[in-house]
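For reference, the structures are reproduced in the following blocks.
In the two assemblies presented below, subunit A is common to both, partnered first by subunit B and then by subunit C.
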Partner chain A sequence: MVDTNPNPKDLSDAELAQAVETAVREFLKNEGEAENALELGADQELWSQFDSLLIMELLVHLEERFGVPLNTGKLNPDDLKTIGRIRDVATRAIRAARPKTE
Partner chain B sequence: MTTKPVSALQYYDAFEQALSALTKLRGEYRRHFGSSKKPPPAGYCWFKGVVSPDRHPDYAEWACDAAAELETQFLSPLARLEPRSVLDVGCGNGALLRRLASERRDLRLCGVNFQPAQVRVARELLRGTQAEIIEADFFVHKFQARFDLVCLVESAFHMPDKAELCRRIADVLAPGGEVWLLDILVGERAANVFDGLGRDQTLFNYIPRKDWLSHFGAHGIVETELLDLSSSVADFLQVSDVKVLRDQYLLPRMTSTFCEASALVTAEPEPSSSLELMVRIAVEYRRLSRLLRAGMLQYVLMRYRRGA
Partner chain C sequence: MLTEGGRLHNPRMRVLAGESFRADFAAADRLCGRNELASRVRFRRRGLVSLPPRPVEPVAKRKLYLIHPKHDQSSLIEVDIVPGAVGIANAAIGTVAALAPDDKFEVRLCEEEVEEVDFDYPADFVGVTGKHGQGGRMRWLGEQFRRRGVPVIFGGPHASLAPEEVRDYCDILVRGELEPIAPQFFDELYRGEYQREYVGARGALDESPIPRWDLYPSDRALMGSLQTSRGCPFECEFCDVIQYVGRKQRHKNVEQVVRELDALYAAGFRRVFLADDNLTVYRKRAKDLLRGIADWNERQPERVSFGTQLSIECSDDLEMLELLSKAGLHSVFIGIETPNQESLRETKKRQNVDVDMAERAERFAHHGIQVIAGAIVGFDHDGPDIFQRHLDFAMRTPIAIFNVAALYAAHATPLRERMQREGRLLDVDVALANASTNIRPVLMSLEQLEQGIRWLIDQLYAPENFTQRLLRMIELFPRDLPAWSNSDRRVDAEAALASHGILSNESPEFARMMGRVLKAIRSKPSARGAAMYALLIWAQQRHNRSCRRSSVEVTAPPSMPLAMQVPRRALAVVG
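So, the complex of A and B:
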């Protein structure tokens, strides 16, 4: 059976980034009712499509999904503008808290 | 995707329909939030309790008690302040004024609301009391006198321009007077990123505490108390499976209780649109509960005072 919730420690940086991006897209599809969430460009502006409460909930979802608090106090609004930027800041935070197992 | 905007009137009408059984059973009026020191019963879901109090009397009981407890906490400094006059801004159906009128016959009580249909309901519920309900836009209405206490119970978050709101409150607040609010803030951990959260929506607009301090401070009105009730309100707002709620609770309630609801629903709405609106509200309640628990948002009781 495929592990759908792997431990970040067991993933390479590229795999972790992919897992984060998938989690973001699935959340937007399921909770944001965006049927096209899986096809949205990684650099496409999100704020025009989703309300800010949903983006806030997305951060909480990522925290729960990967078991890592995101230091939202240090984010700036640009960090949350696109799927790609969310993926990058979340991946960095997760990797910092859960270093890769050598 | 960004959801279709709804008016506050549509929103609250749908609520009144959903709550009609509770209104009938308990004489409860529009209490959408609560906070209790007691934990909720096992399996508690606010919607199940208020939509079907006959099926879940323990949920309904706890929710009603928690709402009353929050109201009691809100009004607890009344004896200390000893106001002679109280203004309820965005008074809805007058629930707070109803309680004040029953407890303090000596108070000058006034509610202001710009929704004609809600005003009609409030006047009906407050008939025989000293409370006056003014149908007007708070931002432009000329009041005859200032007030010792101005209350905003879950109404400020409907008003997008908080700077103007605070200016207007300063206009009507007597020297030494106080402002008491129950409202939702953008939490400190999210304030940098989500400054002015909800401005992309039409119904809710949350700001961080620092903005309230700044807006009121510009008029010599200072914070005297901030009570964070997020955790207990998150408990209150718990929502279970939305599909079950829709099919087994909201659908039967929203399509069969127009007669029960008629006293409070301001206009007979389309059942299917109200049903879908309540489903959306259930999703939003679940989201709100989650964000309150995570500290992204805060449900707070705030008190401010103007210098004498």
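So, the complex of A and C:
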């Protein structure tokens, strides 16, 4: 059986980025009612898809999913402009929270 | 000494010599390379001359720089967690701008919370307006511009109610409302023949212009602002608003309000604060207005939501609640003040006496309207148990946001007069900020009052308590209301990110509670806007707390043993 929610610390960087992107797309489809979320280009602007509450919901969703705080207070709306940017910001935060291994 | 064509051009010397120097201003200024009006003011300020009327000459437009200053201290209502943004747009400077004749004045606005004051702007006049909580900043700005030789005009509530505090920091003091005297004021300003002080009457609002939102940084305000009326018939002892705008309420007509709404909509606002002192107190008028707003809102491509201030007794009227809801009101600020009935009587808050406030707040929630409560502590009948009583009351309500403050004797109020008479007015130069007062309480010490307020605020905004009240509100909200307009304005996104950043980093408990709230509103879209605003204020409150955390940590109400003592600043009795 395929594990749909693998532990982030078991993933390679590329796999982690892919997992984050998938989580973002699924959230936008399910909660943001963006039917085309799975097909959107990673660099396509999302601005009109978001209202302020959805931004908070997305961040909380990703934090719960990956178990890592993503917003240290330095995020700005540009960081959420596209799926690709959200993926990059979230992936960086998750990687930074991983325990350092030799 | 400056000469031109053999004539004396030192105006001061010519005055002393008994000559008229009227015609020489321009020449002297040309030679000095300075602004003509500024030099005229300098002479007036020295008290050397009484300028004779001067014929209007075709000159360039006067540059008028209008500033809404920063607040002296952070308060709950300000959203300083969002850098470079304001919670509610300031309509005052835009209104003054609209009153200035286009052909004579070039106006620039500065919202200081958004952008820094430009001290190099070549203004002919600088105008500064503000409330009591901006008094310190007003005075500082006045000093800065006068030092640069620019004449300074002060107006607005603080200048009107406490003229003695600001008079020495400006060249022109405008007390009262500007609209009725605007033609004379601007004409004299243009000609440089102005008076030291103007007093505006309380005029009709029919002719009040639409504020110049095109000059205001509207994209940096979470809410627009529109005043449909001025005045409140009630006579709460502590209220300075009625001293400024009076108890006889004056109204704009519905068509005028709709025109202002069109301007706000065009400026990009999808949330508007109806900045009335009491929107619903004249019920027939309020209902006509709300019908007009509802009709207007129906016609907009994107629905606009509103906040306002009103008094609790309007919840007697089911039709009023329905109209408020239909018009798009999402939040109402109500001065609940205190659960102590004796204190309500003491302060003449008669509309709240013997009213079940918790049940009334539920009525609003049933109509999809969030109540934001104003609460005051430190009345003469408030003992050290009052903080616990406030908390007990709050937890029986669906009110998430409580704006708690100490009783404060503002300028020109009956309360201040009484405190002065009783020798209880303290000389404390503080703004109207949480936990600050200028009154010596009767049934508790100042230390108990300040510690009690801090304890109360901490309790009200503790994760479990805050979330319980907010979830209760969401639960009571109806399902069938139109959902809050989605906003893709950048400033709203910044507010969301700032709120999330603060709450998710505060502690796992906060993050968990925020998640609970978000889940609850997923199933109740009608509550999205109200809940979002509540989360923003929650985050702001936690931010304010972190700012004072270094100085004090209060862990028990003052009726119980105190964990720590608050360092006190020296206070002196005056008056």
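We adopt the following convention: the second predicted complex is superposed on the first by the 97 of 102 C-alpha atoms of A that agree within 3 Å, B and C clash if a C-alpha of one lies under 4 Å from a C-alpha of the other, contacts with A are read in each partner's own complex, and residues count from 1 in each chain.
Simple rule for what comes next: a contact is a pair of C-beta atoms (placed from the backbone, for glycine too) under 8 Å apart; a residue touches a chain by one contact, two chains touch by 3 or more.
Values in this document were obtained by computation on a predicted structure and should not be read as measured data.
Under the clash rule set out above, the superposition-derived model of subunit A with subunit B and subunit C contains a clash between the two partners.
Using the contact criterion defined above for the overlaid structures, shared-chain residue A:E57 touches subunit B and also reaches subunit C. After overlaying the two complexes on the shared chain, residue contacts for A:F66 are found with neither subunit B nor subunit C.
When the shared chain is aligned, subunit B comes close enough to touch A:E33, but subunit C does not. With both structures placed on the common chain, the touch criterion links A:L80 to subunit B and to subunit C.
Across the two superposed structures, the residue set of subunit A contacted by subunit B and also by subunit C is 47-48, 50-54, 56-57, 59-60, 63, 72-77, 80. On the side of subunit C, the complex with subunit A involves touching residues 486-488, 490, 492-502, 504-505, 511, 514-515, 518, 521-522, 528, 531-532, 535.
Contact residues on subunit A toward subunit B in their complex (touch as defined above): 32-34, 47-54, 56-57, 59-60, 63, 72-77, 79-80. Interface residues of subunit B, counted against subunit A in their complex, comprise 1-3, 188-195, 197-201, 284, 287, 290-291, 294, 296-297.
Within the complex formed with subunit C, the residues of subunit A that make contact are 31, 47-48, 50-57, 59-60, 63-64, 69-77, 80.
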